[in-house]
Structure formats: C-alpha cells, structure tokens
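You will see chain A twice below: alongside chain B first, and alongside chain C after that.
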Partner chain A sequence: MMLPQRLHKLFTPLIQPLLAVLIGLLAGAIAISFVGEPVFETYKAMWEGAFGNFYFLTSTLARATPILLVGLGVALAFRAGVFNLGSEGQMVLGAVSAALAALCIPGPPVVKLLAAIVAGMLAGGLWALLAGWMESRFKVQLLISTLLLNYVAVLFASYLVAGPFQDKTGSAALAQTPMIDQGAWLPKLFPGMSVHMGFVIAIVCAVVLIVILKYTAPGYEVKMLGLNPFFAQYGGVNKVKLLLLSMFFSGALAGLAGSVEVLGSQYRYVDGALTAPGFAWTGMMAALLANSNPLGTVVTAILLAALETGAMGMERNTEVPLEVASVIQAVLILFISAKLTLKLVKFRRKEREVHGTV
Partner chain B sequence: MELFDYSLFVSAIRMVSPILLAALGGALCARVGIFNVGLEGLILAGAFSAIVGNHFTENIFLALLTAVAVSVLVSLLFGYATIHLKSNPIVAGIAINFLMLGLTTFALRAIFDVKGAYYNKDMSGLPKVDIPFVEDIPVVGQLISGHSPLVYTAFLAAILLYVFFYRTVTGFRVLAVGKNEAAARSLGLKVTTIQYGAIIMSGVLCGLAGAQLSLGQVTMFTEGMTAGRGFIALVAMMLGQSHPIGIAGSSLLFGLMDALSIRLQGFSMPTQFTAMLPYVITIIAMFFLKDRGSDSLAGQHTSR
Partner chain C sequence: MAHRLEMRNMTKRYGEFTANDNICISLDQGEVLAIVGENGAGKTTLMRMLYGLEQPSSGEIILNGKKVSFSGPQEAISRGIGMVHQHFMLFYDFTVAENIVIGHEPKKYGFFRRKAADEAVQKLAEQFKIGVNTAKKAGDCSIGEQQRIEILKVLYQGADIIILDEPTAVLTPFEVDGLLKTIRFLADQGKSIILITHKLREVMKVADRVTVLRNGKVTGSVHTSETNADKLAQLMVGRQLQKLNERDSISGDILLEAKGITIGQKGEKPELDRVSLTVRHGEILGVAGVSGNGQSQLIQAITGLRAVQEGSVRLKGQDLTEENVLARRKAGISHIPEDRYLWGAAKDATVEETALMGSQRNPKYSEKSFIRKASFRTRVKDWISRFEIKTSSLQEKAGNLSGGNLQKLIVARELDFHAPLLIAAEPTRGVDIGAMEYIHEALLEKRNSGDGILLISSELSEILALSDKIAVMYEGRIAGILDRSEATEETLSVLMAGGKQHDATAKTS
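The block that comes next holds the complex of A and B.
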C-alpha cells in the first residue's frame, strides 16, 4: 500500500521532463533523418562523444561546470520569485574581475587564487544587486533591467580587455588579458583531463544551496516569497531585504561560474569566450528543466552539457551538424516550460483572490 | 573621413528598418499581454528563408513571401506554446531563439551544404527605390531616396500601426486585451483570437525584418546574422513604450548608434561605449517611464 504511493510520488514529477526529453530526441531524429543520416547511429555517436570514454566524460563535466553554477544562481532567484535574466552579464563581469584580481593582486599564488574567486563573486553579486535595488527602490522591472545590464556588462568587459588591460605580449593584438600565474590556476582533477576543481566547487555550492533552502529560516522565507509573496509579507518576511539577498547570491553564483571558467580552464579572460558558447542561457535552461531544484539542476546541467559535447563528437564522426544539439535543447525547453507556468498561473489566480481585484 | 556626414545618416536609416519592423511586431505582442523575447529567432527565420526562397524561386517577391510565411509559422509555434500550453512567454521566447539559431545553421548545411555563410552572386537583392522628384532635392533626396522598399515599409508600418491602435475599433479591442485580459474577456472579446492575430502579425513584421537583413544591403546569409538585433528591437520597444511613434523614434536613435559605432571603428576609437549607449539610455529611461512601462508589460507578473 505504501510502496506504490511512494513510487507514485517519486515518479509523477518526472513524467513531464521525461516526455519532454523524448519529444526533444524525436525532433532531433527528424532533423538527422532530414540530412539523410541513420538516426540510431548518430545518437550513438553523440552518446560516445559525451560519455564514450573517460576523457569525453571529463570534458562533459568541465562544460557542465559554468552551466551548473549559473543554473544554481537562476534557480535561487526563481525560488524567490524573480526572473534573473542577467546571468550572462554577471558571469562575464565575474570572469573579468577574477582575471584582473589574479593578475594585479600581489602575494603568494594561493592568495591570488582566493582573491580572484572572491572578486569574481563580488562583481557578479553586486551587478545583480544593482538590478535588485532598482526593482525594490524605483520599481524598474527586474526582468527588463537584468536583460539590459547584460549588454552593458559584456561591452564593458570587452572594452577592458581590448583597451587598458589588453595582453600586449603576443604578436597578434587579441582582445584578452595576459595569462595568469600558473600557481593561481585551479588544479585539474585528473592530469591531462579538462575537468577542474571548479566542478567540485559547483557541486559543493549545489549541496549548500539545498541545505540552505531546506533547513534554514532564510531559505524557508525565500521559498515562501516565491510561492506567495503576499502570504510571506503577512508572515513578517522582509521582502526587500530578501529580494536583495537572493539577487546578490544569484549574481555571485553566476560570477563564480565566470571565475572558475577563467581560473580553471582558460587562465585568462578572452573576449567572447564565455558568451559565444552561451553558458548563461544554457544554465538558465538547466534551472528551468529542473524546476529550480538545486539537485535537479546538477543533473540537467550535466545533461545539457552532454548534449553539447556529444554533438561535437557527433560532428567529428558523422555528417550531421552539431546544431542538432540546440534544436533538441530548444524543443525540450519549449515542452518543459508548459508545466512551469501552469504553476505560475495557479498562484497568479490566488494573488487575485487575495486582492479581490484583477 | 568626417565623423558626421550624410552617409552616416543614410546608413542609420538603413539600419533602422529591421529594428523598427521587429520592434513593431514586439509591440503588438506586448499590447496583448505577451512579452515576445523570441523576436531574435523570428528575424533569423525570416532572414534565412528569404535566402532559401530567393535561391529556389529566383523571384524577389516570392522570396519575401517565403520569409514572411516561415516567420509566421515559427510565431505560431510560439503562440501555441504561450497561449495554448500556457508556457511562460519568456521561456518560450528563449527556446524559440535557440531553436531558430540551431535550425537555420543546421538547414544551411543541409540545403546549401556550406558552413558559416551562404553567398551566391547570381542572387539579386531587394531593388533600390528612387522616389521621383524627391531624389533631386539636394540633401533630403540623398537621405530619403534610394533605399530598399522594406525601409519605407518599416516607417509606413509604424504609421499604420499608430492609426490601427488609436483610430480603429479593432485597435481599441487589442489595447483592451493588453490592459486587462479578464475584463476584455468578460466583454465578449475573443481574447485568444486577438492574441493569435497579434502574434501572427509580429511574425509577418519579423519576417520582413529578416528579409531586409539578408536581401537588403548584402545578399547573403551568415550563421546568427541577427547578432542581437532582436533584443535591440525589444529594447527599442521598451524605450518607445510600445507606442508606434515612440518606437520609430527609439529605433532611429538605435540605428544611428549602430551606424556610429561602425563609423568609429574607422577612427580606432573604442566602439564599446557607443554600442552600450542604447542600453544605458533605456535603463535611465526606465526610471522615468516605470509607471507607464508596466502598462506594456501587463500580464507579466514574474518579477513581482
């Protein structure tokens, strides 16, 4: 009697994600057969490219690292009921600050490394806080301001590395900072493999986030604010303070994503190296797919990263272009989002009941 | 080379049209309570299918028609997701952007068997329209005459949309849906039909915007050639308060900034700050326009 109920409880939330994955793969299959390639073998090549051997597996995890951190930040903001569309700007500012801190701050390498991480998180956090402050103080919609601030941040970072902090040592004038001292690099987890300490940091962040959301008072308040802002306020939650706090940490996580990418894999800030792969948008998708559950975000971030690295492997071995991955991702999101808003609509209706007006 | 001369303004007017067309499409959606983040994807779909249509039919009109048809199809997908499946418009819009970026790049390989860009010198682009008499006026003629027909369509669309919104009954109904969906529904307005209509029209406008990109100045398609213009259009829509004339103004401003940053490259000056200006201006404007700004985003309570 108990067991089926439990199973039911465990699997019901999984039905729609699984269905969405299935539809996504179906859309991918249609695209693949459109090019005239065998579907099954192409997907096999994709799987091999993502998890085929230890090297590919670690590449997938390395790619998942920034996606996961951004996703956690977005998830935290979602939980508090705000849509942080500004992860890209927060991530890029975090990355460029981390690179500059590692270059400019004197001292032993460990100090440089720690300073870089702190600087990256601070930069991302403060940038997000700016949007939160504009929302709470001046009622400038967060959704819009975060989107706009992205461009300002990305262009400003691009100016920094194309102007005052450009690497002048190389022969070609590339828009990038000089290389960071080797001592301040985040160590690789396995020699010769691309996954680095950043992945461990990301997992730790996910665990910490779960604990905070589940077992602490502020975490409970954040969840309450997201589920029903009126009830939360009635219950004595300081809405402004909580909004600012969750925005700060949401941005700090995005900043951390940029920092570990710089310190663990590129060792310098290269203009466009973080925006071109679309880490921020993929991270957002990971959070959406997981319905803002931190543990779920770990799974979905790895899944989305695997789609991308798998597609690269597939492109090497078959005639199918790697963009199949973005088609699958997009269809997946399109079908998963249907669920997300069913919930939103539900509590919007509640909102109206509280007010008595529409 | 001068920093400001006629050619700067001429290129500004040229750059305005895709932004203006798409922003008007976005405004239509915003006015019925749907925040359309998928403009970028819709424009990209239009740009690509315009080239496909041009390649297979070798007829510029049919190419335009293809662009519009495909963009409308994509916008219907967006509409189905947001209206029927009730998914969050922002999430659906982001998905549409990803989908179109993937699909166009994919189809570029599948149809033309090239990677990166498709260019064919036999393809003819949009013709230049020389307006009789106006072209002979010294300064004005240089500015106004000799653009592609879509440039004129863009400005005409802004005026038409203004007339539609504020001078016709259907227009008022559209505005009513955006103002208060429940009230509009209780008055017996077919809210869903009106929303679909707005989304389809935004597909048409974005299709034209895409065609102007791929057939207007140069006749080619490159991967991700919209390069954020959909988002600029979104910003122009916000700054213009979803008001057609306001949008025309903000689009002109952004087009000028676009032209200016290209011009500044010739002066080896940092272009990042001119490129940043539209966004900074819009953020500052949000402080002053915030009360009216929420108007164009009615039904968008996610940030509360």
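The block that comes next holds the complex of A and C.
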C-alpha cells in the first residue's frame, strides 16, 4: 500500500471527532464573547494551561490516564455491540480493591503493587461481568443494569472507607483508607511531575487493544458481533461467551483506571476523589467521540483531559469561568448523542426485520 | 399520436464510467413497458434520471410532447410521475391511510382530517381494485400489503406514469399474481407503467413491450407478442444460456438425517411440527413452499441457530442436536443464508471481513489466533476472479456491493469450506441471470462430487431445475416428498397451497 493511502486510513477515523471538537470550540467562543472577554486570548490561556510548558503537559497526561483506560474499556464493549454505562462503578470498585490489596496483602512492595493491580482489574471486571450475566441469564438490559450498579458500587466503596477500612490515624476523620506503603507506589515518570507509570500502562493497553481488534480472531469476532450479531452467530461465534468476555475486559480496564489512579497519584482511596472529576463519564465520552476506535480514543482522551486542565489554567489567568469548558463538553455530548440515537434507531430497525422474517 | 413519455439519447457518466449510453425509450398511455437487464445494466440509473434523483449528462425527457427536466422527485411527482421503490418507505407506526395521504393530507383550518383521508383512500382503493385495510398500522402489514400501500400512495399523488422497481423480488408467488393483475388493471384504466425487473416470466405475462439493457446500452426493444423468454434472456446476457439437463441419480449413503423436529412454545401451534427429512450424498433435496411456512425455522434448527423442543439432527450418524453452530460447522455443514444482509454479512464490515467469517480460527489462516491476512487475501482474490465479483477492493464495505455480487461472495465463501452438506437457502434471490446460472452450476458441481445439498427456495423453477427430490412445506409441516420424475409445477403448487399429496398426483395423472 502506498504511504498517502496509509496515512489517509490512519486519519479518517480522526476527522469526525476533531470536527466535533472544532464546533465545540466555536460554541465556547460564543460563550466567551458573552462574558465579554477576548476569545483568542482566552483560548491561548487555555492552551497554555494544557500544553504551555512541560509541567502543564504532564499534568494533562496524568489527568488523561484514567480517562483513557476507561475509554478503552467502553470502546471494547461498544465494539462488541453493548453499552457499558457502568464504568464509574467498575472504576471505583477497582480503585478501592487496589488500595485494600496494597494495604492488606503481605510481602515485598512489588508483590503488593502487582497484587493491587490484579485486584483492581478483577474487581472491575467481575462487577461488569455481573451485569453481563444478568443480561444473558435474565434479559436485564445492560444499559440499565450497568448504570444502576454504579450507585451500588460507589456507595459500597464509600461505606468501606467510612467504616471498616477508614484511616483513623489522622486527626480529621476523612472517608479514606490509610496511605499505601511507598514501595508499592507506581513511580512517577519525571521527578516533580504528576504523570506516572499509569500513563505508560494505558498506552500499552491501547496498543494491545488495537492489535487484538485488528489482527486476531477474537478481535475479529468481537467486531463482527458488534456490527451484526446475527452474522456472527451464523458464522459460529458464541455470542453469550464473547459478550461476557467483552464485558469482563471492559470492566477490568475501568478497574485498572481506578487502580493506577490510586497507586500512582493519590496513594490511598479517598471517597469521591474519582467520581468528583467525572473520569468515568469523560472516558465514555472519549470512546464515543472516537467512534470506539482505540487509537482515536488515545487522542480524544488527551484532548478532553486538556480541555479540563486548560480550563483551570484559563480560570487562573483570565476572567472567564471554568464553566466554559462545560459548554464545550456539552456541545460534544450533543454530537455524541445524535450519533448514538442514529445507531440505536438502526439497531431497532434490524431487530424488527428479524422478527419480521421469523 | 405523440407518446406520453419519451426519453431520448439519455447518457449518464460517472467519471470514466458510463452507466447509461444513449438510451431511448418511449411509453404510451395504458401501456406496460418492462425494462429488463442484469444487475448493473443501468436500469436503476435510467429511472433515477426520470424521477429527478439524478441529472443526465446528456439527453432529453419529453413528457406529453413537452421537454421537461426535473431537479428532484417533488417535481417529477407534480408532473404525474410516481415511483414505487424496491425498499418501501413507510412509517410503521402510522396507519395505512395516513401513510398514503402523507404530504398531501386533506386539511381543514390546518388540521388533519383523518376521516376524509380514510374515505379518500377507500375510494381510491376501490377505484383501482387494490385491497388494503386503511385502519391497520403499516408495520403490521405483510410485505405484499406494504407494496400495495406504496402503489396507492403513488396513485393518490396523481401519478399517470408509475415506475415499479423490482416489485416482485420480495413477494410470494401468490402475491406476485395479485400484483401482476393490479398492474394490468392500472394499465387498462389508462395509467402507464414502467416495470423494472429481471424476471422474464413476469415480463412475458404482463408487459406490452420490453426494452432490454446490457452494460448501459439498449440491446433490444420488442413487443412481448413477438418474442419469448429465451430470446430476452439472450439479449440480456449476450449469449445463449445453457439448459440444465436431466441427470442420473448418484445418491449414496445418508448424510443428513433430521427426525421429528419440533419448534414452538408450549400450548401454541408449533412453528415447526415434527419435520423429518434425509439428504444423501450426491443428492439435492429441494424444499419448496410459500415463504413463511417453516422454512426459516427448519434452516435454523439444522444449523443450530435455534434450539429444538423435540427431534434430532444427525450428520453422517453423528448426533448434533445439542451442538452449537460452530460445532455443526466443524462437523461439516456450510450454509448460504436466506437473507444475505441479516445473516450472511455485516453491511459495515469490509469484503475481506465478510469473506473471513467461519475461517477466522481455521489453522490455515490463523496462527496462535493471529489471522494470517496475506494468505487469506489470496484466497478471496481467487473467489473474486472465479465468480466475477465486482468490488473496488477488498476493503470496500460489504453493504456497498450490489446484491448479486454480495450473494456471489457468500456463495463462494460457503462453497470453499468444502463441507459435505451445504444448506442453500434462496441462493439466487435478487441475483441476475448470469450469476444465477453460475451459482446453479456450482451447486450441481458440488452435488456431482458426492456432497449433499439442502436447497430451500420459494422459486419453483429453481427447485425443479436442481432438485433430485422435492419436499414441500406447508404450515410448519412436510406436506409431501416427491421424486424429481413425478414433480411438476402443478403437483407442487397443490401441495404448497395445503392440498394432500394424493390430490396432487391424482390431479395430474
């Protein structure tokens, strides 16, 4: 294949999300001019806040880490044709399990670290698997069960760190676990900068996911299952098994997002520290914006993280409030929901056809 | 007298490609003109230009003696040209009457007058003897009824010239007869009909004149009274079609044995009622029947897509009743599905991905679950050249292939498994004559090599041409099994309509 063609193939999936971001920025510009501030200056401040110097750049990447991991998980589920709206719960359970594993499992720090990561992924994966199992066993719609299980998970985690595993050493009784042994921390990539090893893990996960989806038989089957489940079944794909597997790994990636956030930046599970910044929902947005393309998700995750860190920078240096970032995000969500509605309509139509022929 | 419609020297080019080359047609009042040709011959392009969906590169359209040009369907409709598309455009949640008056609703003070709409539609239906239930929801209507709604919609909009695009492709034989009668009646009422099709039998039955297209050019324009189906086929394909000959029976041991298969909810009438049949090596067992009489369920039961409540499926003596689709495929079943878009492909997948289905875990094409794309591509390229599948590349989306080309791709895929049993469901539905001939030959070749084929088709001519034995399905049961020698169109029709085997043979002997 010729090089331009390759480049073309590589960039086509990026055109749509970038266009959406562009229109989002335009909407933001309108909002900024309402506030009466110069648009260009404001966006410049935003850019500086996200990528202005090495420190800001690494902060953006640090923020992108959990977003990217969650996004990859959502993208995987979406590729298999299911909505996993439960990333938040899966992430939180992963985070609290990782923290507890690092605290409770005896052994050298490396063992603690690995055990924590495995525990986090298992917790997230099993939580997602529960929803998948309910769908295949009792026909409980994933869309609903995953969403509702979020509340269960988040509140259960709150209970754990406000009750049995609360850190009682400090004077203020915050809802958080004790601090993890320093040896079990994920190392920072650069001294003094917030980006940690978790970012590398996330990128590795993205590459692995790309390779699996593109070059392997299970990846092919997942893709076909997502594009047309009837075709996949006809060809001998075990729909239930594959669906459960996809859900498990989707949840495991969300769990990993929570784990690396705990092990690489907070060093303990703090109640609300993962839910307040909305990592899970931003991650979902990243995946949907990128059309569930893992490579695209890397780009959109960093972009969305930059939007958030940039907005903080903007607020520091201009009179424009942080909420402008929300305006831009809202426009992006509009884009995504329009696309999703179309997909859902198509899906329904297909279902209708099936019932028609049988 | 001047013609009602004339299209003169119509040419349409897409870049280098000429879809229509200097095509001339004419149409009089009360006339049925059939435009026939293989897929890709340019029929649809020509009609799209007439309907205002495409602009001609050159040429002129003369309507009632005046030169016209349409920039969109709205203009064509306002000048009395209506089109019934192959894929219906109905709102399923609206009633039949609402669907028909849509866009031209009877109104009073800006409010929709439902009753007036109902009455208008009733009157129209009576006038043209087209039976519909105006109060029913369109989504609850059968395919045949939906088509009648579309025709009424066009009539309601005041069309004098009605274009019907492949109208019989989706219909059962009974519905086809009804439609042909309607077409004839409309013509007798002074409407002019353009019928786009590649089914020559129907053309000979209903059309006054035929224009044959091949590769974007007119290869013949004749009165049906002066021609026959064979001559038309020759004009369409550009060569003599081969006749399928009588052949010796070579059937051997039992290959597939289905016993007492029953599918259905408890307490309800079963969808499939104790169906038993056997397919031997070197035998084609045809399953005839009006679609919707249990054929789909039978296919799904044998391939493992649906669980059976009772009965067993055995292949070469091996019990497959409890096995899943994959295990059955491995045991030696390949399957050309009845609906290529639903079961046979994913529209948004590439040609290569569509071709890969079933081989993704074949050690020949995958290593440690990594797919060996290079060696697989050679295989697909081989199919593409052997079956003359027209696609721009292996990365083209399957949904962008024409129906016939996608079907050829699916047939090639399933044949290349070299499985002892092939289930071929409607293998040539919506496929042009050239491809049909090719697929039929491939099926016969497979049979001659000693494999068994279960052929399910609602085209009687196909069943009769290919089968060694013919089973007829009616309301979820096998109504009778006939030998090739005793089966005729008449005997099968009786069984298909619910008659007994005894009646069928008695009637003809």
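Throughout what follows, the second predicted complex is superposed on the first by the 318 of 358 C-alpha atoms of A that agree within 3 Å, B and C clash if a C-alpha of one lies under 4 Å from a C-alpha of the other, contacts with A are read in each partner's own complex, and residues count from 1 in each chain.
We take it that contacts are C-beta pairs under 8 Å (C-beta built on N, C-alpha and C of every residue); 3 or more make two chains touch, one makes a residue touch a chain.
These numbers come from a predicted model, not from an experiment.
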* Asked: Can A:Gly236 be said to touch chain B (first), chain C (second), both, or neither?
  -> second
* Pick one for A:Gly163: touches chain B only (first), chain C only (second), both, or neither. => first
* Considering only the touch criterion stated at the top, classify A:Leu142 as touching first (chain B), second (chain C), both, or neither. => first
* Which of chain B and chain C A:Leu227 touches, first, second, both or neither -> second
* **Which of chain B and chain C A:Ala217 touches, first, second, both or neither** => second
* Of chain B and chain C, the chain that contacts the larger number of chain A residues -> B
* List the residues of chain A that touch chain B in one complex and chain C in the other. => 358
* Quick one: in the complex, what on chain A touches chain B? -> 31, 34-35, 81-83, 85, 134-135, 138-145, 147-149, 151-152, 155-156, 158-159, 162-163, 229, 281, 284-285, 288, 321, 323-327, 329-331, 333-335, 337-338, 340-342, 344-345, 348, 351, 358
* Touching residues on chain A, where the partner in the complex is chain C -> 215-218, 220-221, 223-224, 227-228, 230-238, 350, 352-354, 357-358
* Can you name the residues of chain C that touch chain A in the complex? -> 92, 139, 271, 296-297, 303, 305, 324-326, 329, 335, 337-339, 342-349, 353, 356-358, 360-361, 366, 369-371, 373
* What part of chain B is in contact with chain A in the complex they form? -> 35, 77, 81, 85-88, 90-92, 94-99, 101-103, 105-106, 109-110, 115, 180, 182-183, 228, 231, 234-235, 238, 270, 272-273, 275-276, 279-280, 282-283, 286-287, 290-291, 293-294, 297, 300-304
